[in-house]
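Heads up: the structure comes next, in structure tokens.
Residue numbering begins at 1 within each chain, and the chains themselves are lettered A, B, C, D and E in the order written.
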Amino acid sequence: MVNPIYIIILSLLAGFLLSIFDKGGRKLSLTVFYSVLTFNVFVIADWFYRFAILGVSTLTINTAGFSAPLSINLQLGMLESFVLLFANLAGLLSAIYLIKKFKESKISSLILYLILIMGVNGLVMTRDLFNMFVFLEILSISTFALTILTKNKKSLSAGFKYMIAGGVASTFFLLGVIFVYYFSGNLNLEFISSNDFTNYGLIGVFLLAIGIFIELKPFPANGWALDVYESVNSGIVAIIAVVNSAAIIFVLYKILPLLPTVYLSVFTGMGIVTYIFSNLVGIRQSNPKRLLGYSSVAQMGLLAASLFYTTKLGVSQNISFLIAGGIFINHFIAKALLFWIAGIVKKNNIKDWSVLRNNIPLLILFGISLLALSGLPPFPGFWAKWEMVKVFVGSKYYIGLSAILVGSLLEAFYLFRWFGYTTKNKLNKETMEQVQFSQIFPIIVFVLILFFTSFWIMTNVYSLNYFNYLPLVAIFGMFLISFLRSKVKAIISIAAVVLYGYFLFPLGMSIQLLFGIIFIIGSGIVIISTINRKNTGKGFYGFLLMMIFGMGNLIIAESFLAFFINWEFMTIAAYLLILRGKRAKIPAIVFITFSLAGAYFILAGFGYMPNIANNGAIINTIGTIKIPLMAMILMIIGFLVKSASFGAHIWIPGAYAEAEDDVTPFFSSMFSKTGIFGIILLAISFIKQTPDFDLFYWLGWLGAISAIVGAFLATFQEDVKKLMAYSSMSQLGYIIVSISLLSHLGWISGLYLTLNHFMFKAMIFIAIAGVIYRTGTRQMYKMGGLIKKMPLSFITVLIGIIAISGVPPLSGFGSKWLLYNSLIEKGWFLQAGVFFFASAVSFLYLYRMIHSIFLGQMKYEHQNIKESPIWYLIPQVIFIIGIMAISMYPNLIIQPLNTIVGNYFNSSIVIDGYNVTSSLGYWNGNMVMYVTMGVFAVPLILLLLINGRTQTVKQFNIVYAAERPESPQTTHFAHNMFSHYYKALGGLTKPRIQSFWNYVSEGTNSLAGLFRQIYSGNGQTYILHIILYIVAIYFIMGV
Amino acid sequence: MDIMIKIFYAIISIIVATVYGLTLGGIVRKIYARAHGRFGPPVWQPFLDIIKTHGKRVSISHGIMFYLGPVFRFAGGLGTYLFIPVIFGSAIFSNFSIAGDLLLVMYFIFFGQLGMALGAGEGGHPYSPIGIARGLSQMTSFEVPFALSVIAIAIQYNTLNITTIVAAQQGGITNWTLFTNPLAVIAAMISLLGMNMHSPFSIVLAPQEIPIGPPIEMNSSFLATLQTNRGLFAAAKLVLFMNLYFGGATNLLIMVIKTFLIYMFSVFVGAAFPRFRPEQSMRFFLKWPTIIGIVAIIFIAYF
Amino acid sequence: MIKKIIVILAMIGLIMMLFPLVTNFEFLENLNDLSTNYVSGSVNELNSQNVVTSVIVTYRGLDTLGEVTVLFLATAAIGFLLKKKKTKKRGSSELLQTASSFLVALIILLGVYIFTHGHLTPGGGFQGGVIIATAFLLLILSDVNIKFNHTILQVVESFSGAFYVVIGLIGLVLTIGFLNAKIIPLGEYGNLFSAGAIPIIYSLIGLKVGSELTNILDTMRGE
Amino acid sequence: MISVIIIITLGILMIIAGIVALHLKNLLAAIITAGVISLLASVIYLILGSPDVAMTEASIGSGLTTIIFLYALNKVRKEKKDD
Amino acid sequence: MIFALILGFALLLIGIYGMLSQKNLIKIVIGFSIVDTGVHIIIVSIGYLRNRTAPILNSVVDLGKAAQQVVDPIPSVLVLTAIVIGLAVTALMLTFVVELYKKRNSLSIDDYQELKW
């Protein structure tokens, strides 16, 4: 137990004497330097342990032998030690990071650094206002000086701007201090209360607060800070962005009790403004450090806003600590990590960061930092956001809520874009410098702490069920065994999926079972196709398992939180999987942007949710609560994004097409169903209430539009995977409409469609993967005539398209029959018409696909290709068997569905043997099958009998205008197949939604461009901004 | 035992329908010829054609799917026909309508088309996919008014069961859908024009001396199978329309008369109008007939 | 031009903002409790005549330590920033140099007087330190080529600072609090050796400030 | 009363000096003028009963600061000459 | 002493105006030091009480009634610290100016905007 004042004493002593020590060699001075920094960390860690674990009460340290109002006192409590622990740790680690620099540069740099850290400690601990000013100046001056640790023109001018801006800010702070003293007669925070101030005396508080607030770099008075971030040595910037900000935000926290409510509101608003605008401007930024600067500024805005807002509302200590603390740690660690990494990479344009690929471990650490900074689970920022949304919704602060979510989205956008550049941009020959251990060590330590805090929150704060950890366990586990051969890993993955399903899934007749089959069993089967890979590279199976477990966990999630984190896990994994595709840079960013936007809608929706009993999966308990309409709408939007409904569909073609070929089946057949699952979840609650607004009626229309638009879009694709992607959009439209019917037959139809779509899409995509694997192209017109070479794949696709199109006797017809019956029964006649149209259009694209690939004339270059590899064929066969089985015996599936849906609706169909009778019509799948077989067999036999003399000729043996055509290439009619159709109806497929989103993105971009004009680079303008900002805030507050 | 009788009846029904359908085809050709001022082939010419093509010495196949194409097509025709109850109250002509309702019939039509498209596709001749592309796209458009019309009927009779629909139209001409729901009938009749692929919607086959649409590579027995199916399929469609819109038939004679008249309607329209280009026909179907269909639904559902 | 207008607008805003501070200002009639305590405490508890000094050195000793640190930082920072350039210059006259070195001794003496009497008279470590620095400035001015022994400067600077901290530390070790001036007897009111450790601390501060400022000046002159 | 007059007089002088300091083209003169402000300020401190502050301001504010300013100016000028 | 207070604010405003309007780096620093002086005067004048002496309790002051005879010592203390800090900051700023000038040979703040957006 060391008195924390020793931190200050020892740092000062060492600081004063360092230059003397240095006479004895740099080794000695460095030893002293690092020992003191380490000592600080240990002292604070010890205290933190006492406060946090042992529950020791807050420590007050008087100086000069007098107690508080007379002398300056320091205070160390739980919060102080928490902040200081991180600050000192970051200080130590950054010092280690900079060791090379410190070995070379003047001794002054060590002194400055040491005293900077001392200043932070003092600033956080002191309770005296003027003493704060002194420590603030210590902090500032040492920071100013350290900005030129690497001296160049840029860092010098940035440092100068920093100084004058900091000078102005501290001048106002000082003015504030003196007026607070004047009005309250005290300088010690313990003895000042907000009651001391008359109305006009509040200006003292205002000056105090604004001085500190300016130091937090609020938009737009923060140009100087950004210049500093851009130009200063990374190790130092890490300190500025992280440690300094932490200290300053803590000062702000300390003076919070003085601020009247009006201030709190305005400052909250300003914090949020900073958050959204800094992130907005960030999207135009290409310099990594300046980009991080925008992000830092934004995060500080968010942190400040959360502090102000929770104080204003008087939110319980735990929650506000979780929010502010979460944002704090998240920003603190992630930002330090990123700045350190930026210092190692040394590229001044995020587009050149592909060199990082030469150093995979560092790339992974980089990715982790980005994920953390984006506020994704399990990292602390996520939990903060989760609680924050609840608080904001609870207090009806909708503007703030939407601003924060938009800001988060923008931030995630530029971070993920950066990651995309890093992983996908062309890698030039240049190699990275050898990374010093001293540089990588701090990064590793912080990443470990990041994970530790994340898990700590997961286990101790939320005590989540153990299976929620599985996605993370999966990715870690797979990472650990990444040295194994990929076939082995594939088998391990299958085993893992099987075990997961076996242990976690209830086998009762419920919706859970159905989706369990799709997500778990389906995944297990589809993984088989990946065995074909020779080398998967690192992470592939980890991502895959993470996604699968994430999807699986959705079904058994026991709370909204669990649901949402798994939703995010799944999304992250999906993003990483997509990103593995060769040309997936753009599609991946589009995917993650849309997905996160959707996720934020869901998050906002959960904010509105009432509490739910914590017994069993939410799918079973959600019926007991009434979901507010707003939550319903928000969440449905989120779910629709995932299932690529009309309006949010523009991510699918790219994401599906550019993902690796054997990954696409996961997306189409399983991943997209998560949206459906979500909608069902909401619908279960919806049907139990008497809604005043028939939301699902409009959802039905949206489904219908998706179906028809998807079909049209698919028709005009040349790229087979894009075609199937749009087909998925269309098919999901069917599912959405049948779920939104909210009737017994509708739901049977919806679930039946879901299952069906899962099977045929999986097998078609796997078959296509095989074809692409062999031919090396996705352009259908570059293929042709492959039926001769790949007959099995042809059969799969054939069965698949029959099933999709709903032609009897295969299972697709059952789904169509159910769909139309339920639509007409419900009275959605026009929608039924739309679906007839859509299903007719689906013939166009399906035929186009099968014809262009398998029929017609073969290309020369495909003369020697073989059938798909066996690993692709196995899952296809399994799915074919599945489809045939439920086609032959539809009761295998209708009967259970009848039971499942019977839990929610009164049964409206009669099942008698194989005969299914609805109120409108009837259908006997079994008999249809037999009749079809009969009518097929009879002509076939006749033809075989009559036509015994048939001679089979080569594919190209055709006559065309009385002559043999030139070459098979020119004879294969595949390119632009439906040009006439395009003439007639192509207008409907004009990419209006695409252009809408283009406008949105361009608009955002130009808005960002507009706003960043304020950062003129002129130091004087920046001071002007500060003055104007202060004046503006003053008048907004109306002091 | 039951099923054997059923099959036996079905065979009778099929033969009758095929012969009838082929004869109709012959008659139509005669009418066309007369309208053009020619003498024209004899009425039994389709039968002769089938026999002749069967008898071809050379039979060329391009592969399995090519081989199965006509089989699919004919199976489609057979199936479609078999799922329709032809004559109300007749055991022989009730076929396998117990297997499914109107929706089954509508979707089974696709069965043959899809198979044929596949077979023709394997033929490797560029004209086949061109024809198919046209055919499919034309189909998507004429299906719309037809589907709307069917929905209107389903609303009207509150069933999709063909037999029930026919039963509801018994007892006088005024009970026919034609009079109870004229808009739906108009929409459906227009789409029938497309379905029959007669002029002006005959771009799919583009009949010259020989058809140069999908069946271009088809020869000998393959072509014969297709020709046979043409007769049967035509009959099936006509019967379906008769059942849905014109009160069905209680005996064979009424069926023949009604279907003949329905057929003549499309023939006369075809003789009077020149051929549309594909996009023209699509626009056509998606304009007025569709609107009529929608109006029919709205009318029947909400008034 | 637009910028000028904006600047003027900003100034007007600022004036409007600060205006109430002036117009509504009322001078207090009495000292507030805190300063009353300081005034009485200075006499009763610290035996220091100069209240300002006693507050600076003891009550708000941490501030002062910080202040010294700030100055120290500035020295370090300036040393860190500026590279020393060697340029020979014409020196000033012998006479001037001799005269000034004589003066220097006097000035240093004055400085020492000021900081040792900080608890009795106005002034203290800072002022004294500045005066000492002025003495060295005089040396610099009279002989542009003069070279200070940096090691001595540094030792003085470092150790005076370190001792300051150590004196503070003694209080902590005696468990009467960091920077407590009462570690040595308070002495008699009004005497030079009174007010506990205040004169010692102030002297150390004076030395430190003096050496620091000298250092700054030496660095800034750029030779 | 006399102190008020002194303060007002000095104040006016200081304000003028401030404005002048900012507008003088000659940097040397500007720096000296700024130093004068500090010097005058120390007189004001004296009147306001803070001799400690007055001393400090006189020595640091007007003395040392001005010298540092001059050094800086000197350096800048030297650089100019060097080029 | 209200005039001193006004004077302080006036200097503060003049200094800020100087920082905002002057292009020359040294002038900006001068502006900053004027702001500092202004703030210091404000602080001291806030501690002023009418007709009282400096807080030096020598023979002039009656020790028993010291609290009724001296001005508030705290603002003086604060200003003392603030002045020294101001010196440090000013000196550092000037060093930066010198270094900047070395890099680019210009004293105009407009010439240092290579970092922006």
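Operating definition for what follows: a contact is a pair of C-beta atoms (placed from the backbone, for glycine too) under 8 Å apart; a residue touches a chain by one contact, two chains touch by 3 or more.
These numbers come from a predicted model, not from an experiment.
Enquirer: Expressed in steps between touching chains, what is the minimal separation of subunit A and subunit E?
Expert: 1
Enquirer: Going by C-alpha centres, which chain is most central here?
Expert: Minimum centroid-to-centroid distance belongs to A.
Enquirer: Mind naming the chain pair that shares the most C-beta pairs in contact?
Expert: A-B
Enquirer: So the centre of each chain is just the mean of its C-alpha atoms; given that, what is the distance between subunit A and subunit D in Å?
Expert: 58
Enquirer: As a quick test, compute the distance in whole Å between the mean CA positions of subunit A and subunit C.
Expert: Roughly 55 Å, centre to centre.
Enquirer: Could you tell me the distance, in whole angstrom, between the mean C-alpha positions of subunit C and subunit E?
Expert: 16
Enquirer: If you average the CA atoms of subunit C and of subunit D, how many Å lie between those two points?
Expert: 19
Enquirer: Where in subunit D do residues touch two or more of the other chains?
Expert: 50-52, 56, 60, 64, 68, 71-72, 75
Enquirer: Tell me, which residues of subunit C touch at least two other chains?
Expert: Residues 7, 10-11, 14, 21, 28, 32, 34, 38, 50, 52, 60, 63, 66-67, 70, 73-74, 77, 81, 122, 126, 216, 220 of subunit C touch two or more partner chains.
Enquirer: Could you say which residues in subunit B touch two or more other chains, in rising order?
Expert: None at all.
Enquirer: Between which chains is there touch?
Expert: A-B, A-C, A-E, C-D, C-E, D-E
Enquirer: Mind pulling up the subunit C residues that touch subunit D in the complex?
Expert: Listed in rising order, the residues are 50, 52-53, 114, 122-124, 126-127, 130-131, 133-134, 137, 213, 216-217, 220-222.
Enquirer: In the complex of these two chains, what residues of subunit B are touching subunit A?
Expert: Spelled out, the residues of subunit B in touch with subunit A are 7, 54, 57-65, 67-68, 70-72, 74-75, 78-79, 82-83, 96, 98-104, 107-108, 110-111, 113-114, 117-118, 121-130, 132-134, 136-137, 139-141, 143-144, 147-148, 151-152, 154-155, 158-161, 217, 220-222, 225, 277-280, 282-283, 286, 293-294, 297, 301.
Enquirer: Using the touch definition up top, name the residues of subunit D that touch subunit E in the complex.
Expert: Counting only subunit D, the residues touching subunit E are 3-4, 7-8, 10-11, 14-15, 18-19, 21-22, 27, 30-31, 34, 37-38, 41, 44-45, 47-53, 56-57, 60-61, 64-65, 68-69, 71-73, 75-76, 79-80, 83.
Enquirer: Please name which positions on subunit A make contact with subunit B in the complex.
Expert: These residues of subunit A touch subunit B: 785, 787-788, 794, 798, 801-802, 805-808, 813, 816-817, 820-821, 824, 827, 829-830, 832-833, 836-837, 840-841, 843-844, 847-848, 850-851, 855-857, 919-924, 927-928, 931-932, 934-936, 938-940, 942-943, 946-947, 949-953, 955-960, 965, 968, 971-974, 977-978, 980-981, 983-985.
Enquirer: Residues of subunit E touching subunit D in their complex?
Expert: Subunit E residues touching subunit D: 1, 3-4, 6-7, 10-11, 14-15, 17-18, 21-22, 24, 26-27, 29-31, 33-34, 37, 40-41, 44-45, 47-48, 52-56, 70-71, 75-76, 79-80, 83-84, 86-87, 90-91, 94-95, 97-98, 101-102, 105, 107.
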